[in-house]
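What follows is a pair of complexes built around chain A, which joins chain B in one and chain C in the other.
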Partner chain A sequence: METSRRRRRAWGRAGRGSVPYLLIAPVVAVIAVILGYPLYYLVRISLQQYGLFELIQHKGIAIGLRNYHSVLHDQVFWHTLVRTVVFTAANVSLTMVIGMLLALLLTVVSAPVRVLLSSGLVLVWSMPVVVAVQVWYWMTNYENGVLNYVLTKLGIGDYSQHDWYGTPFSQLSMVTLLIVWGALPFVVITLYAGLAQVPGDLLEAAAVDGAAPWRAFRDITVPLLKPILLILTSLSIIWDFGVFTQPYLLIGQSKITSGNYLMSIYLFEEGYFKTDYGRGAAISLLMLVIVAVLSVVYVRRMVRIGVSE
Partner chain B sequence: MRVRRLGWDAIGIAVFVVMVFPVFWMISTAFKQDDQIISLTPTWIPLHPTIAHFTNAIHRPYFWQDVENSLIIVCVTVAISIVLAFLAAVALARYGFSGRKLFVLLVIGIQMLPQAGLIIPLYVVLAKYHQVNALSGVVITYLTFVLPFSVWTLRGFLLGIPKELEEAAMVDGSTRLGVFMKILLPLMGPGLVATSVFAFITTWNEYIFARVLLNDQSKQTVTVWLSYFYGTSRHTDWGALMAASTLTAIPVVVFFLLVQRKIAFGLTAGAVRG
Partner chain C sequence: MKRRSIVALCVTAVLAAAIAATTSGATQKATGNSITVWLQTDAQSGWPDVVAAANQKFQSDHPGWTANVQYQSWGDHLQKLDATLAAGGGNGPDVVEMGDTETTKYMAAGAFAPLTKSQFDNSATWLGSLAKSGTYSGKLYAVPYYAGSRVVTYRTDLFKKAGIKVPATLAQYQADAKKLLAKNNKKGFSPVYIAGTDWYVAMSFVFDYGGGIATRVSGQWKGLLASKNSIAGLTAYKNFFTAASRASKTTDETHPNPYDVYAQGQVASMLGPSWFSCCVGKKYTGSTAQFVMPGHVKGQAMPGFLGGSDLAVPVTSSNKALAADWIADFTSTSSERALQKKGNIPNATNLLGNTVNERAASRSWFVPTAKHWVDVENGNILRNMLAQILTGKLSIKQAAQSASDNIASVLNQP
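Moving on to the complex of A and B:
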């Protein structure tokens, strides 16, 4: 470790001067133009009256903080925020708990079943989101969706012609199912890789000492997996909080109302669809700030890794 | 012990069935006759498969046009990203320089921005420069997330190549450019392919920006085309929809299966080691 660090320093000295800066210059320049400039613009128009007319004129009218005032005094904003937080919490906990259980399951099944199950997971992982939405919609439609048929046949209740898209809760539950289904493969396969690194003799020793499997899991496996769990959880929080495609397409635009808004959809409808870009910009900035706060754990850890290597 | 393992295996197979069922159902529906699709009692496996739905799907208006748009957008985005990102990744993996930490922060932080939060600013700025409803505008927005992702992934692959090789070549009198061309580039082949394929998948699957920035049906990507795919008026043509879904998924699934092993742990590999 020490020698490699010294070597890197030597390399750094040899390469001192402009080479690394020349290498990163194109990326920095492109990002500055395609992202830095729009972000500057975002702040600017969030302080302006900026609608369709202003879009055509390319010129907004400064109105100070009125957009923020309007958003922060909008009941819909707060309801959407609470709904999104609850939705995110539900999605992330389901993903992590089921993900952990399935990863553990992979360690106890026989080799052929393990290969079968992990290939299945990779297949699910590879499905494009929009495709998954269409398939989900087909499976859960009230007329002849296979979900209603299976639930009725299993004797869980009479679900023939049951409309899963009738209430906001039911709509969002369907979205949650879809998201958890799509997120599981990444979580399970990553956790399984982590479990493979837990030294078997530690667990054996615990078993010899008479520790129950649950205690061994809690006191040995979980602490060793903590870095992975932390990263997976924070990534899931960030992704689920900002999710757009699944709820927007699965619920369907005609059924999107302020009663089932999630943050991204709220911002899309209020800003883009109603062409009130100034107000939309204010919502965007608020959302970016929230996600930035949520990302701190993940980003700090990754930056530490990036800098140390 | 044996019995217990059989029990776990049974659960494992059940989980497999539940997880894979949607994919199976998509393909199965795509090959079914219409009366089997609309029947209240589902047919699990189509014994008399038909490819009529696939013919129907690809003859829908704008399918080929939108596939072409997707391919153009994907290829241009991936080409620009890989070239620029490779240079930056070399800087990150091989040089110490002041501002390195800031650059890492930039690369990681950008990937965490929620895409929905960027719709409005990108739309307004692109409208200002007449890039709305143009493929070039979409390429620009895709670069915002493909570029940082590629930098980070390529950096990971570069770290896997021992520096000693390059140092030895430098000692032997190779120039920096020579080392780059003769040693780094060939060894990075698999990493470059894997990163390109992953960038390809991300770009091909992208929905929200394409939906917002491309209004004209002849300019849309195949993902947006699929999202608008419903039957006429009241009844959805499920068979054609599932055939279209299958067609959209095929390139992604094939590519993903090719590179999944290489990329899978990219996001967390560092965390496991660190």
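Moving on to the complex of A and C:
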């Protein structure tokens, strides 16, 4: 503490406070170019009529807030929003709960099992999303998927030619499985690293005092892991709310209808398929606001933890 | 406290911005003197030799130039085209293949360069509907490439084993399906393979019973699917599907490709473009033949969807004259004759023959020629309706009514 304060004073004398700004300048410049400008452009297009004709002319027609008005008065938008929120909540809670259970499992199993389990997780992680979707698609295939074959062979029922993509609910459930499966490695490995930081003597003391394992987990492990849990949860919310590749490819374009839209797919269909980029831009900005609202609580707490340390 | 909230909001906004970012696939431009041609994968699997011959002709006419053909899929080629139109700067394709239901929207938006009709073989006798789909305000923007009607491709050995001949009516075909099923009790075997949401097949039933998709009444589009005749057609489709096809009720006709299931020996007959005969598998090539799909009235073929493709030059192309030359090579009389041999309908009436495919074209239907029709296709309104009908989620009447209203509202957009 003492040394750092002295160093800061020295910097202040030499550079009159400009050095920190210089240090942060490259990052700000990069963010401005790769995020700031596209964001500005997005806002501009969202206030324009920008269809195929305007795309070729490279010039939109200003129409004020009409795009927002039409999106907010679209029944499909509100249905999609509710569906996406429920979908996100299911994905994030499944990811976090199963992730935590697997991380705890990692701390108690023997070394060889741990190596086996973590290499399995790393393999999942290293698989590109598009490849993973293809593999899942084949496994759950209607004609000759291995899932139907195994379920039938196990005598669970006649699953030959069972359609796993028959209803929106089962379509999105398959997507949830795929997403949670793909999200687990990152969550498990991060939580496992966090669990390694929980002092063993604290847990031991709790055990000596007669605390049950669940109690020790709730009152010692979770509070210590809180920063990590918050970061993982907020990142998961952001990823799952805007997820596109998995649902779009697994369900397949020819089955995408307004009855199974997720937010990102709604955006894609309205913006790209109908070549109405102005409306698409308005939807994506609304999405941005929604995600900000959804995760602001978490990020605020995260910042508070950072400050109090 | 307040500042912390602002920091929090900023962090959130930056993170959230990441989800708003979308990427677009850029086209791969070959180096050197070359033009880029986008064809659909149909050409890749059905007639790669015809493409190669056109390239050869092009290269010998233009020494030092090559044609770089890149294959696209129907599902996303328009999004890719939009991306190259947006980018401009001559980096996109010089020639694109467009479905004849897709061209209107693009011609209206000024996406294609005008072409000179006299440069192309047989332009005076081009098939009417194809020529129309490439013309806008009296100017030619897209050259007819080929058309295709839909026929039944079937296993002659299985038909023989079941003791049946080519059916003369729909009812007879449905009865034959039961006979075929009795002789082949392998799980998942389809006497007539039809993908549940194959709307090209389903609408053929609708048109056979005198129904339709939509019609224009004094400037406004009106949905026709809930009409009495259309309902009769949809009912016939459901009955036929239930009796004859073990394909998924909710999947389209490319997942899997019907001919792949056929090549696995799981299909006695299938409905689809006549070029399906290309890919029935070595084992069944000798025992495969085609016939015209019968309608419900004896002696009348079931109307089939007359689909077709056009070739156009995007305004962003930097080699428009060369692109037009390549199109002329690819649609030359000899090239069209070669396409005809593969089971396609050539682009001009003077080239027409008497194949099963060309006979099937005698009764045909086409989608409503509306600017927003392509949105109906992309929105999967018809596919969704068929899935609802076949799975029994909605009654035929309910599903048809909701699809009909939906289609009318999409087509009536400004």
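Going forward, the second predicted complex is superposed on the first by the 258 of 309 C-alpha atoms of A that agree within 3 Å, B and C clash if a C-alpha of one lies under 4 Å from a C-alpha of the other, contacts with A are read in each partner's own complex, and residues count from 1 in each chain.
One rule holds for everything that comes next: a residue touches a chain if its C-beta (ideal position, glycine included) is under 8 Å from a C-beta of that chain, and two chains touch if they have at least 3 such contacts.
Predicted model only: the values in this text are computed from it and were never measured.
When the two structures are aligned on the shared chain, A:Leu288 is found in touch with chain B and with chain C. Once the two complexes are overlaid on the shared chain, A:Pro227 sits against chain B while remaining clear of chain C. Legend: residue contacts after superposition of the two complexes on their common chain; A:Gly259 is shown touching chain C, with no touch to chain B. Once the two complexes are overlaid on the shared chain, A:Asp74 sits clear of chain B and of chain C alike. In the superposition on chain A, A:His58 makes contact with both chain B and chain C. When the shared chain is aligned, chain B and chain C each come close enough to touch A:Pro38. Contact with chain B, but none with chain C, is seen for A:Tyr50 once the two complexes are overlaid on the shared chain.
Once chain A of one complex is fitted onto chain A of the other, the partner contacts of A:Asp163 are limited to chain C, with no touch recorded for chain B. Measured by the number of chain A residues touched, the leading partner among chain B and chain C is B. On chain A, the surface touched by chain B in one complex and the surface touched by chain C in the other have residues 31, 35, 38-39, 42, 55, 58, 143, 160, 235, 238, 241-242, 264, 268, 272, 284-285, 287-288, 291-292, 295, 299, 302-304, 307 in common.
Residues 31, 35, 38-39, 42, 51-53, 55-58, 142-143, 160-161, 163, 165-167, 234-235, 238-239, 241-242, 252-259, 264, 268-269, 272-275, 284-285, 287-288, 291-292, 295-296, 299-300, 302-304, 307 of chain A are the ones touching chain C in the complex. Touching chain A in their complex are the following residues of chain B: 5, 8-9, 11-13, 15-16, 19-20, 22-23, 25-26, 29, 37-42, 84-85, 87-88, 90-97, 99-101, 103-110, 112-125, 127-128, 140-141, 143-144, 147-148, 151-152, 155, 159, 163, 167, 170, 176, 201, 204-205, 207-208, 212, 223, 226-227, 229, 236, 238, 241-242, 244-245, 248-249, 252-253, 256-257, 260, 264-265, 267-268, 270-272, 274. Looking at the complex, you find that chain C touches chain A at residues 4-5, 7-9, 11-22, 75-76, 78-79, 82, 85-86, 88, 105-106, 108-111, 187-188, 197, 246, 248-252, 254-256, 261, 266, 315, 375, 378-381, 383-384, 387, 391, 393. On the side of chain A, the complex with chain B involves touching residues 7-9, 11-12, 14-15, 19-21, 23-24, 26-28, 30-31, 34-35, 37-39, 41-42, 45, 50, 55, 58, 102, 105-106, 108-110, 113-114, 116-117, 120-136, 138-139, 141, 143-144, 146, 149, 160, 181, 184-185, 189-190, 193-194, 197, 227-228, 230-232, 235, 238, 241-242, 244-245, 248-249, 263-265, 267-268, 271-272, 277, 280-281, 284-285, 287-288, 291-292, 295, 298-299, 301-309.
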